[in-house]
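Next up: the structures, one after another.
Shared chain: chain A. Partners: chain B in the first complex, chain C in the second.
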Partner chain A sequence: MEQDFLLLLPIFFPMAAGILTLALAKAKMGRKAKLTVVFGALVLELLFTILCLMRGDVSVTLWQLTDTIRISFHVDTISRIFAGLSVSVWLLVGCFAFSYMSHEEHEERFFGFYLIVEGALTALSFADNMVGFYVFFEVMTFTSLPLVLHEMTKPAIMAGLKYLFYSVAGAFMALFGIFFLAGYGAIGSFQAGGILDASATAGHEGLLLASAFMMIIGFGTKAGMFPMHGWLPTAHPEAPAPASAVLSGVITKMGVLAVIRVVYYVIGPDILRRTWVQTVWMILTLTTIFLGSMMAYKEKIMKKRLAYSTVSQVSYILFGLSLLHPAAFIGAIAHVIFHSLVKNTLFLGAGAIIYKTGKTKVAELRGIGKEMPVTIWCFTLVSITLVGIPPTSGFVSKWYLATGALSSGTGVFSWLGPVILLISALLTAGYLLPVTIHGFFPGADYDYGSLEKREPSALMTVPMILMTMGAVALGMFPGVILNAASAAAELLF
Partner chain B sequence: MNQLLLVAPVLLPIAGGILMLMIPEKEARVHPIFTELIVLASSAMIWAVLFTGREQGNGAVLFSMAGNLKVFFRMDGMGAVFSGLVSVLWPLATLYAFEYMEGDRRGREFFAFYTMTYGVTLGIALSGNLVTLYLFYELLTLVTFPLVLHDRTKEAIRASRKYLYYSIGGAAFAFIGLVFVLIYGSTADFTLGGVLNKGVPGFDTNVILFMYVLAFFGFGVKAALFPVHSWLPSVSVAPTPVTALLHAVAVVKSGAFAILRLTYFSYGADFLKGTWAHYVVLGAVLVTIVYGSTMAVKEVHFKRRLAYSTISNLSYVLLGAVMMSAAGMAAALSHLVFHAFMKICSFFCAGAVMHQAGRNYVYELDGIGKKMPVTLACFTIAGLSLTGIPLFAGFISKWNIAQAAVGLGGIPGFLAAGVLLYSALMTGIYMMTVVVRAYFPKEGYDETALDGVKEPGWRMLTPIVIFAAVILFFGLYSRPLFHFLQQTAGGSGI
Partner chain C sequence: MDFVCNFPFFSIILAMFCGILSSVLKGPWAKRLCLFMVTAVLVMSSAVLAYTMKTGTSYTYSMGHFPAPWGNEIRAGVLEALTATGFSVIMLLSLLGGMSHIFTDVEETKTNLFFILVDLLMSSLLALIYTNDLFTAYVFVEINTIAACGLIMIKQDGHGIVAAIRYMVMSLLGSGMFLISLSMLYDITGHLLMEPAKEAVGAIVASGSYEVPLLVVIALMSVGLAIKSGLYPFHSWIPETYGYATPAASAILSSLVSKGYIFLLIKVFYRVLGYENVVSSKVINALFVFGLVGMIVGSVKAIKQTDTRKMIAYSSVAQIGYIYMGIGLGTKAGMAAAVFHIFTHAATKSLLFISAVGLYEVSDGKADYRSLRGSGYRNRAAGIAFAVGALSMVGFPMLSGFISKLMFATAAVQSPHKMVATILGLAVSTILNAIYFLRLVISIYSPAEREYGADMSHQASRKLKVASLLFIIVNLVLGLFSQPIVNAIDAGLSMFV
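== the complex of A and B ==
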């Protein structure tokens, strides 16, 4: 196979830049100069990644770790979607963070690890086999940990440890599956439709399904799937807002990517169809969707509410994947992108509010729309998107998810799924829209005299506006994404 | 003359240690130089054998006691691995000890016995038959006993007594197993595949299996097998160079090494595989892994936590061993080597923290990472590696063990892989809590309390950094070593 070493650039460049940023902590440079370095790295990384994504299906082998384990990378459609998403979001949220992090300490440490994680994410998107994927999955866990720990308060430390232990536990459950499937060829290069050696697995179906299940649950931990979701509502809100945004918006998606690779590119959807694994998986995702929305509805603290919303929304994606049906698969992929844009904007909005007013509870946000109109307008538009009201993008992905479910032939789940999606959409409206309503319409008894202009700087608003535009516009022009997703789906089914 | 290269590295440190006791106490400056020279000379001889290939495979008989009771040295693949390992660790650990033990009243005794232990450990590594192994195994207890006793505190005296009773008791059980090999085996020399001869009159499979189990637990004492492990956390009262090198590597690995010899070279893996004895020892090993790593999470004393971690990791080695397959043996040897570097590195870091900051408990380590960045960075590497995070050596050996477990198949294989991962999670918890604490102290910790704490001197820091580098190196590039281990396990090795 032809080696294309250019692929290594978007993986190792941000890591190197991150280490450099960490080293700058002691350097006597102005804040501006340091941030320029970070900004330059983020922009270059975006360019490098786009350059790689345009080169067609290329691959490169980095290193033969052991006789059977190869660290190698390959670009396919799924890689393009995930890598493109993560580097774009990374740049935008990075810009927001330039302004936001000015009220936090240890900025070099934050941006250093922020860049290193970006490299790990690109590596995950490009990974070509299960063990290589696993390697960078662990790298991502450990390098994103300092982002959660950043504020070093007692709750932040506890949340960081919880994040770490859940993630490691999940990764090891996945590794358990890898151990057992390695003998059946599961550590070879990913291929649409699965790579297991059918003659070797014959007679070992029980073991195969158990391993698949362990891998789904294990990698599902990062995606916040019940029963391993517990870390998410604790850890995401404790991080500084830009970190919460990317943790919820992008890093959870790497759990989704892992499940896609396991189910569709290693084991193969046909093996899992109509087995207990699929049934249990559907039950778990539907439970997560419902529970997450309920918890978000009940939650009073803004960022925690958004974190519960993530739990629920990422399981929309996983539910779509669990149906093992082309339309649902397309819906899931589309929802990866839409939810990422939406959730990043929501968290950035919450961050902007904290940055400007210090308010963390939903109840405190009365009249906020009068003070920060741009922020709350963005917040409102992406809320509507998340609820799934046409013509926003959330409608498109949910449409595909629902039609996929109805035609998936999964018995009771084919109608139960859409019903739960609908209930969850109502709950989503219930937990997001009050912010808008009370923000813009504080009521007659509100003291309008105390209002002051608190709109954050352009560094904060522009990323939010761009992502909001993306989330809304992609609903009207979803062609690009749907075409890419159906191209991937065509190979799989 | 030819055989000298095999005998000398064993005898030189023992003689040197005795000689050291004769150097007057007041010549304290001479002790380190003398010690390091002897240790380096022995290591050089081992390396000469390893790299030139001379004398490999040849035997060297020191003396014969009676009939086939020979004291006999030979370097085969396994011996090469173990002797090569300790010959790298010892000079560095000695260097560390110089700084750590500086100003200690009983420094001379310490270095005398420390050096003697080197010779004895090499004796175990190079022994060519079970009798020699047993001889040096007993000697190992005796020469390390004064090292545990070193501080002469009440705790140290109690710990050393416990150590002595456990070890001697264990050796007695091992001896029974040895006698049966001598009676029912065709030779006492180590032969891959085992030496049992079913033609000997009176050969009763169940009795032999029972003897194997006895010997397994006998040697298992030094390998800290549950339920005969409890001496190991106690002896962590000894000075750190002892805990690090002896109670994380030399002594405990001698136990594991002896079990590997017993299993693969005396009784024979094929004979044991699938018998009740196999499942008994497998069960004990699994229980030990779970027990050790769970206790490590509970333990808040820094060094004792690492000692519990040793208990569970030693049983990883044994887990590989009891897979009763070539893959299992190679995996066991790979973990034997990698764990040595990981654990000695983490112990040395713990010792450096104790030495520089006087902090003994995990909850006292807040913010230490800022004051001792290099030490804690190396500790992080060791911790990640012990957890089995890829790109570090620990991942490779755990992968190997897991693959061997999968090869065993069935419920035992499933259980083994499960236990391995449970323990890995526990390892993550007990190592990473230390790291997070050190780098991310909770707000409101007393920053001034650590004023004046700084990195240790070069003699302590050099070994730590080298070990951490080795962990990274093997994490990325372990193929040649693993090929060698596979050869050794497959019998085609030298």
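== the complex of A and C ==
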């Protein structure tokens, strides 16, 4: 295989830049100069990644770990979607953080790890086999931990520990799945439709399915899938807002990527179709969708509410994947991107509110739309997107998910799925729209006299506006994403 | 015979004479002599390793002019040379890292005694590795025990003496069993040299006579050495011993002394009793079960500890369990995994003990994990080293612990009856490991409860930093370049048969 070492650049450049930023902590440089370094690194990383994504299906082997295991990278359609998403979101949220983090301490540590995680995410998107994927999955867990721990208060440390234990437990479940399947060829390069050696697996179906299930649950931990979702509503809100945004918006998606790789590129959808694994998986995802929405509806604290919403929404994606059906797969991939844009904007909006007013509870947000109109307009538009009202993008992905479910031939789930999606959409409207309603229409007794404009700086609003525009516009022009997703789906089914 | 072939004998005798010579030297000179000896052993063992790798065979070296089946022999193959090299690296780094504490913990007039004991320990470990003679093995087992007892109580506080007595009772029980087993074996075979003894055992098994005595021999041998290496449920001496000894001694005891006995057990299994006989005797299943239980119980007890050193000590119980589980799988792959884990654990556990010292010497010498808050910032080298060691124990990829786990799991898949138990055991114990090690890592990087003076960061000794760094490198080498080592282990195990 031809070696294309340029592929290593978007993986190791941000890591190096992150370590440099950590080292700058003691340097006598102005805040501006340090942030310029971080900004430069984020922009360069975006350029490098795009450059790599445009080079076609290239590969590179980094390290021959043992005779049979190598750590190598390869670019395919799925890599393009995930890497492209993560580096663009990273730059936008980074810009927001430049302003937001000014009221937090230890900024160098935050931005250092922020950059290192970006490298790990790119590596995950590019990973070519299960072991390499696992390596960077762990790297991602451990380097994103300081983002959760950032404030170093007791709740932050407890949340960090919870995050760590869930993640490690999940990752090891997945690892042992890899160990079980290694003998059947599961550590070879990813290939659409699965790589297991059919002659070796004959007669070991029970073991195979159990391993597949362990890996789905294990990697599903990162995606907040029931029963391993407990860490998400604790850890995401504890982090500073930009970190919550990327944790919810992007890092959970790496759990999704892992499940895609396991199910569609290692084991193969045909092996799992109409087995207990698929059934249990569908039940778990539907439970998560419903449970997450209900919890979000009940939750009073803004960021926690958004975190529960993530639990629910990421399971939309996993539900789409569990149907093992092309249309649902396309819907899932589309929802990865749409949800990422939406959830990042929502968390940034919540962050902007905290930054300017210090308010964290939903009930306190009466009249906020009058004070911060741009922020709340963005918040409103992406809320509508998340509910799935046309012509926004949420409608497109949910449409594909629902039609996929209806034609998937999974018995009761083919109609139960869409029903739960609808109920959850109603709940989504129920927990997101009150912010808008009370924000713009505070009621007759609202004291307009004390109203003051508190709109945050452009550094905060522009990323939100851009992502909102993306979320809405992709609903009207979803062609690019749907084409890419169908190209991937065509190889798989 | 090439000159290199003399090196195993030279290293044993050099270590021993250094011990004798040190008795008339003052502490600092004994230290220099000891470091020189370990370095020399390292060089000689590497030469033997290179030589045996090149020739691809092992050789026996008869001591004196009595030909087999009488005389006294040592034998060197790839595995022996590799183990000797690995052990001397760990010994050197442990001494280097714990050096400053040796001189503070030990009375000034007795520092040379510490180094005498280390010299004797090194000599006996080398002898256990290289010996081809059961009785020589027994003699050095005893030397090893006495030297280890000395190392434990040389700190001369109440804890040390209690720990040493506990260690001595358990350890002598183990040696006693080993001796009884040896005598019975001598009784039924008439040999003490390994090769003729193995032939005789083969003949006995083929004829079907002495079935029960042979079973007793296998069982006593296994249990005796298991007690000495601290396999669950014979682990009661471990936490006290490792927890209260001076750091260099804890590192040496946990990484090397217990491993020396395991190595001897593996050697006896292959070279005397015949591995297939041991497997068919089912004793191996008992080792497997106790190994598994040890993995879990050790980790659970470690979680309950607040004292860092005791936590690391209980983690050793779990890790010894891993090794016995590998041996208990009863396959060559399992054995290779166990041998690799001997190296992994030796490299990682000594790293943990040494870096833990670095952490609590900047925390007013307190070792409970609340006092260690923020110590990762006060002594950065030790903090990073501890984090690396903890991650390696948890099985973070690219570190040595990951390769061990990979090898255990791969081996498990090849033995269908034990597969599920092994993999579940590995999974549960890994998660338990993660709980206590990562809790500690987070705690050393959390803000301290009170301010420590700026001079705290200077109290950390330079040697310790260097040793921590070198330990990290050893760990990375084991993690990243595992294939040559695994190949060497495989080659060495094949030479045993």
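In this section, the second predicted complex is superposed on the first by the 493 of 493 C-alpha atoms of A that agree within 3 Å, B and C clash if a C-alpha of one lies under 4 Å from a C-alpha of the other, contacts with A are read in each partner's own complex, and residues count from 1 in each chain.
Convention: a contact is a pair of C-beta atoms (placed from the backbone, for glycine too) under 8 Å apart; a residue touches a chain by one contact, two chains touch by 3 or more.
Quick caveat, the model's predicted, so the values are computed rather than measured.
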Applying the document's definition of touch, where does A:Gly183 land relative to chain B and chain C: first, second, both, or neither?
both
With the two complexes superposed on chain A, say which partner A:Met152 touches: chain B (first), chain C (second), both, or neither.
both
Have a look at where A:Ala169 lands relative to chain B and chain C in the superposition and call it first, second, both or neither.
both
Would you check which partner chain A:Leu35 touches, where first means chain B only, second means chain C only, and both and neither mean what they say?
neither
Determine, under the contact definition given at the top, whether A:Glu138 touches first (chain B), second (chain C), both, or neither.
both
Report for A:Gly160: first if it touches chain B alone, second if chain C alone, otherwise both or neither.
both
Using the superposition described at the top, list the residues of chain A that contact chain B and also contact chain C.
63-67, 69, 131, 134-135, 138, 142, 149, 152, 157, 160-161, 164-165, 168-169, 172-173, 175-176, 179-180, 182-183
Hey, which residues of chain B end up touching chain A in the complex?
384, 387, 389-391, 396, 399, 402-403, 405-407, 414, 417-418, 421, 424-425, 428-429, 432-433, 436, 440-443, 476, 478-479, 482
Along chain C, where are the residues that touch chain A in the complex?
391, 394-398, 403, 405-406, 409-410, 412-413, 423, 426-427, 430-431, 434-435, 438-439, 442, 446-447, 480, 482-483, 486
Which stretch or stretches of chain A touch chain C in the complex?
63-67, 69, 131, 134-135, 138, 142, 149, 152, 157, 160-161, 164-165, 168-169, 172-173, 175-176, 179-180, 182-183
Complex interface listing, chain A residues touching chain B:
63-67, 69, 131, 134-135, 138-139, 142, 145-146, 149, 152-154, 157, 160-161, 164-165, 168-169, 172-173, 175-176, 179-180, 182-183
